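Take a look at this one; I'll ask things after.
Letters A, B, C, D and E mark the chains in the order given here, with residues in each chain numbered from 1 onward.
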Amino acid sequence: MTNVIGKKTGILSWLRNTPLAKAFDSWLGKIAGGFLVLLLLTAIFAPWITPFNYAAQDLMNGNAPPAWPNLLGTDQFGRDVFSRVIYGARTSLSVSVTAISISIAAGMTLGAAAGYFGGIFERVVMTVVDLTWSFPDILIALIFVAIIGPGLTSTIFAIAIAYLAQFTRLTRAQIVRLKRETFIEASINLGGKPRHILLRHLIPNAITPVIVIGMLAIGDGIVLEATLGFFGLGAQPPTPSWGAMMSSGTAQLFLSPWVIIFPGMAVAATVIAVNLFGDELIRALDIRDRIKEA
Amino acid sequence: MLEVKDLAVAFGSVAPLSGVTFSLAKGETLGIVGESGSGKSLTAMSIMGLLSMSDGRVTAGSIVFDGQELTTLAEPAYCKLRGGRIGLITQNPMTSLDPLKKIGTQVDSVAILHLGMSKKAARANTVDILATLRIPEPALICERYPHQMSGGMKQRIVIAMALAADPDLLIADEPTTALDVTVQAQIIRLLDDLVKQRDLALLLITHDMSVVAQTCDKVVVMYAGRAIEQGPVLEIFDDPQHPYTQALVGCIPRDLGDGEKLTSIPGTVPTVLNYPSGCKFHPRCARNQDICTTEQPELVRNGDSAVACHFAGAST
Amino acid sequence: MLLRYIFFRVLMLIPVSISISVVIFMIVHLLPGDPIDNLIRIGSSPDDRALLVTKYGLDQPLFVQYFRWLGAMFQGDFGEAIVLRRPVADLISQNLPYSLTLGAMAFAFSSIVGIILGTISATTRSALMEQFVRGFILLGSTVPGFWLALLMILFFAVQLQMFPVSGAKGWDSLVLPVLTIGFGGVALVARVTRVALMDARREDFVTLLHAKGLSSGTILFRHLMPHAMLPVVTILALRIGWILGGAVTVEFVFGRPGLGSLLIRALGQRDYPVVQGCLLMLALAVMLGTLIGDVAQAAMDPRIREAKT
Amino acid sequence: FLTSVALAQEATIAFSADELGATSYNPITSSNLNSAASLIFDRLVEQDADQSYHPHLATSWEESPDGMSWTFKLKEGVTFHDGTAFNAQSIADWIPDFAGTDNAYLVGAVDSIEVVDDLTVRFVMSRPEPNFLYNLSSTFMGIPGAASYDALGDDFGVTAAVGTGPFKLDRFDIGLETVLVRNDDYAWASDLSKNQGAAKIDRITFREIPDQSTAFLELKTGGIDLLLGVPTPFLKILKAESNVTVIQMPGTGIHYMPINVTAAPFDDIKVREATGLAINQEAIVASIYNGVGAPAHNFLISELPEAKVDPSLNVSYDLEKAKKLLDEAGWVMGDGDVRMKDGVSLTVKLFTQNGSEFTSLTQVVQAQLAAIGMEAIITVFDSSTIRDEYKANRHQLAVRGYDWNNSDILDWFFSGERIGYPNVSMWKDAEGQRLNDVAMKDSKNSDERIANFKMYHEYVLSQHLFVPIYQPTKNIAYNSDRLNVPEKIRGTRFRSQTVLDMTIVE
Amino acid sequence: MSNLLEVSNLSKTFSSSGGPFRRARTMHAVNDVSFDLPKGRVVGVVGESGCGKSTLARLILRLIEPTKGTLRFDGEDLRAKTSAQMRDLRAHMQMVFQDPYSAIDPRYTIERAVLEPFIVQGVKPSGGGAAQVEDLLNMVGLNPGLADRFPHQISGGQKQRVGIARALALRPSLLVLDEPTASLDVSVQAQIIGLLEQLRDELGLTYLFISHDLSLVQYFCDEILVMYLGRVVEVLPDTNRQACHPYTITLMNSTFVPDPKQRRVIRPLEGEVPSPFDLKPGCAFADRCPQVNEICRTETPELSKHSGHLVACHNPI
């Protein structure tokens, strides 16, 4: 009988076999994934890539249209839009990734606890979570920011709260499904303690779809961050974030459309790439059915 | 009535079915047996012309029903045939009915479509058939939804739909697999009676040799997408020619004398993706020779039966 | 059966509403800031302030304030806006129609177009068409709403001058907001319809429908669509709350009145009674949405109807 | 033809920026009134752009030499919208209604009212009030019809409003729009308008458009006919549009940066002074305001006589001096671009309120502070939260603005009685309080008042409690294909006198 | 011969949670079941789907708590054990599950799955992990080369062998087999049965063998319990014994004989196993029973000796 999986021949081949790599198989996956990798590199190496300091004002060169050396033009303070869009990637990505990570961590804990213990605890958690779920996320975020004040921290928590429900539901659904699986019963039957069951079986099996949905949610997080920024509630000036850039640009929509069009395009392109790549991941992992459970 | 010759089916580049040949006459029951994945359902789907639903197609061979070639039949004509002259009973009664529609409506639609009956007449017809199938209070049942019925009931409803337009050929694809023993007996009994009363041709697909033994006139044994042996039921059970059939007959637990053990076939059933070369059974076959690994044995006819083995008849 | 279900389902709303009212009340009192400050003007003294605080009952213990509020609510009295100085009910009834019109139009637009597009993409044999719809779905679910709104203003209102830039007068002022909300909605509905249809097509009973000799069209419209509509209805029902409250961005950009903008403004002014009133209305809409969704599901699916009673 | 004429007699005016958010057209109780209120109610006197006072419903007035009484002669034949006559009794019924309201201070010096005859009324004062005419010309002193005022109670100004103005309130949708219809009987305009009869326009819709760029685009695309409060950045393009005419009026307020004197390092007056010297008002006006408006160098608008202080006290840009002061204060340049003292870096909080104008300004201020080695961290708050921050004394610097064309604004912002809010500088000082009292209460007449306030103003300036930045202009833009608007706007703001002279282009 | 397992009056009821406006319903999944399992015997349990076979297995292994009744394993009262003691005891009583496809964690390699018993019990595998895995896989007739495969990379029959290997890892004395071949193909079923026979002979295991397939039980077991709706209705001490309970007889008549020469006219009973919710008093089989009379509808028959074995019927044949 032929060996279906290849022999272990080092890290490289292992990497090539990870689902992440498999998501790169199709051309769509390659484009979207490539874009995201590029974006990540850009965000990391922003200080070396940007031609100008993102905060440097040149008041006499305000609202300059795209031209050399301000490739994407300047905003009303004469700051270089190109440099700010690149730095904005840093803010937008890190805010969204941090927020979603917090959300996943909290959601998984809540969802796993609810699914594992069941009973009244589960009911209470799920009712509360469902309530936040059916409320528009922008409103949740706005109310949250109103409570703890503006700034990146509150934006992060607002986004985290807005998406908490999604991860809690997903995790719970997974755990509830897994609890019925024979291998859990088998493990209990072998003498597995609850800790073992939860940490070695339930959570490892539940984590993949949660991570993938988390990956997709990063896109939504970017949009929500941008929307909050548009309302002037995200990053505080002069820190550039895509949303904040567009909000300072609203008054300028007509004067200097490049100030809002380019960050907007950055958001749209990133979110589309995240979604496409997420879809490829879902396909590579074959977990569409599990995601639908929630 | 039904003549299948050298039928082959492909989904894209995978070819899970090939070289299937058999025939079936009026009033006859033909059993198709084989293990899971051996292509039994695909055969049924090909006859029903439903392969295109899952992007499959007939790549070779012919299916002639009542003198009509089906492989080239246009879709509208096929629609008339399906449910009209050929009825299908599917494997899993639990999921075979539309859960949103009442039982009555679902059965009525067949008669309305194929016999051009009015709604009222169709309902009367439905009630009639349900009564024949020994369903208590058929008129009441018509107003029920599928989830309100037990598995055995649902299977009868599915049979009722297959019968509603008074077909000539009934294809039953593992009609009892999902059911309990006592209910299985009821359903098999019912099918048996129907064949006798209505002079139907029944194509009974199953993986259970005991069911075949009790109900069929002829058997086709399938393995890995091919018909490997066929013939009258008595001959197949008494004197199986193909080593697979032999093992299959020996696999069944029955009252054996003390010390007698079940025959077991080593290895596993291949899947479409790893079909072996030559004779599909050779990796598990005791009689395996070089030729088996390279050459696909043809189905060789011998009187009423036929077998596809290079060493047919040789003893183990 | 269905009536019985609806009856129990409505009864269930009572405890939910009470817990929601507590949550809303708590949220509002977590907000920093003081509405009285918005009322004070040049020259007023601390005594004037104290007077106002007493007038609006803000000096009472929280639970007293809660029960007063709840008690009044049962009499249909949402209280008096502190900053806007008029019955909250008036404010809501002034803003709600705008939200409802916009919501209803956006809702209708996204359901109809979404279902049609979703069906096309799930059933079409033309790869081009399918890719087009998929691309549309992708765009619709990823492009930030406010950005789209700005671009539409720039193009349709400023360049082509086809529609007004802002405001809520006349049908033409509805077009761009409806398109903005609808774009996302259409994508969502189309995606759900598409997935649901493809799932429904894989169900076992579909084989049997084909075996009965039904044509593909009949199967699609009589059997698959009702199934596919189950999740679509759920999503749409949930969107009712979303559209009413989540339209803030669109209301903001298009300068439209509405429940969302009223809420945001009241939030900024710490006008507690208004914030409470708006949140309550939205919660009500959300609950109504889930109720409608559940009832519609029960009406469509006998299994649910039975399991839940 | 007829309908087109009828349509043509309508105009749509939009409020943006500082005229938003009126909750009622009740001039007595409301704390926020917009220009539409000036069309519904008339005042006794009007103030012109040159700060002079003109008769309106009063034909003449006389202040007693000791300042303890004011006698007004009233115009004859004036009627309220509900048909009742306007006379001395209307005044007597009106003033007591202020008691206990937010606006009571406007008539705080009035002791009682005497009806001398039908058209003569006397205000008996409890102390001299040199500012009385200013108060009377305020929008809040628009005169409501007493009968209707009593009858409607809380609904006055919401569901209906009765005044003597050239327009009647037709509909008021709070936060959205106000529809006014012409008062056909109107014949008692002030001499600030050429047209002494009824208005030329039948119907005016006032829309509130919070987003400035939206308002701008509405004007550009013909959605509105006139825009009050055009954001300065848009002036340039608007001027380039052939069908849009822009009118600039002198501003009535100042943008400034209060400094919290209790929060280190600003407890050191040298640091405060240095902060002031870092702000380049001229550069700000030239850049983000496109040269429109004026740099502000002290706390009052330049039109007020109290603004003409000793030039050495005015705050102007001087980078070198600022750096020197900080050096003296012990804040020396560290390794980075931020000054240090005792291991602490010169990093301060810079608060502002959301709304695009202030956030832009704040960012420039931030950049300018960076030039003297002060790192300012911006936080943008909403208007309620920021007040909490002030009251909790959590702030250091803030960028804010006020709109008030009278020197008593000094009292409002620097009185020790209002520490935290609105005295954001948190300044309490015995000498300051003394000067405040003198200016507010002891001024016998207008000249004395001016002198007192000037003294107070100069003292405030010497303490470096804030940094003046900008005096905006009030910008009005209108669609000249639709409207004719007088070239020169009379009065300090856009009010009924301008609307009376406006006509629709045929 | 001593009894390895003694079960007496074991019952389990499930109650469907009544919602706020819903009536709660109780279901007797296992109802008053008593039997002994002597060391080294193979006792079979047959019955139709839903009659409580799996529930019985879970109760015996204390994977769920009985509602009442006692359980003795090797003379010790199982129900008195704490969960820690129970965990230690699990090494001695193991189970092979009905569905091999979900019996192994999909994220575990075969090796890890087989080693799991050692890890959770905190036992060092003798001769080291790899050697132990090889031994166990060899024992169940699997190629040790499969050790680093994942479950989805092997066939159902192979999975079931892994399940057996894992159950045997800690050398249990009792093995409960819950329909171990139900989801396998006939040819593979024969392999598994063969393996079980071989293991019993080699290791001296005691089996409780659960199946719905009467002919399989008759082939494999020494003693047969027939269950109907949660109750044991007949205990056949050996496979040649003539059944007396009408239900057992029905079951036998419903089973097809795999021989075309022995065709007989099938006379199936009408009706199906009724809902186990809210059982009526009397014999649960009364509605379908050809022998039914008055008493059957009012009194529940107890197990009592009839023609040499235990039957729960008022009118045994």
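Convention: contacts are C-beta pairs under 8 Å (C-beta built on N, C-alpha and C of every residue); 3 or more make two chains touch, one makes a residue touch a chain.
The model shown is predicted, which means the values in this text are computed figures rather than measured ones.
The chain with its CA mean position farthest from that of subunit E is D. With chains reduced to the mean position of their C-alpha atoms, the one farthest from subunit B is D. Here the chain pair with the top count of touching C-beta pairs is B-E. Chain centres here are Cα means. That of subunit D falls 88 Å from that of subunit E.
If you average the CA atoms of subunit B and of subunit C, the two centres end up 52 Å from each other.
Mean C-alpha position of subunit A lies 48 Å from that of subunit E.
Looking at subunit C, one finds that residues 32, 153, 158, 252, 267-268 touch two or more other chains.
Residue positions of subunit A with contacts to 2 or more other chains are 146, 149, 250, 253-254.
Chain contact summary for the complex, subunit D toward subunit C: residues 23-24, 31, 100, 102-105, 108, 154, 158, 173-176, 207, 209-211, 214, 217-218, 220-223, 382-385, 387-388, 404, 408-409, 412, 421.
Within the complex formed with subunit B, the residues of subunit E that make contact are 48-49, 155, 157-158, 185-191, 193-194, 197, 212-216, 218-220, 250-251, 253-261, 263-264, 266-270, 272-273. Subunit E meets subunit A in the complex at residues 58, 61, 63, 87-88, 90-91, 94-95, 97-99, 102-107, 116-117, 119-121, 145, 148-149, 153, 163, 166, 170. Touching subunit B in their complex are the following residues of subunit C: 203-215, 223, 226-227, 300-303, 306. By the touch criterion given at the top, residues 16, 19-20, 23, 27, 30-32, 138-139, 141-147, 150-151, 153-154, 158, 195, 238, 241-242, 245-246, 248-249, 252, 260, 263-264, 267-268, 282-283, 286, 289-290 of subunit C touch subunit A in their complex.
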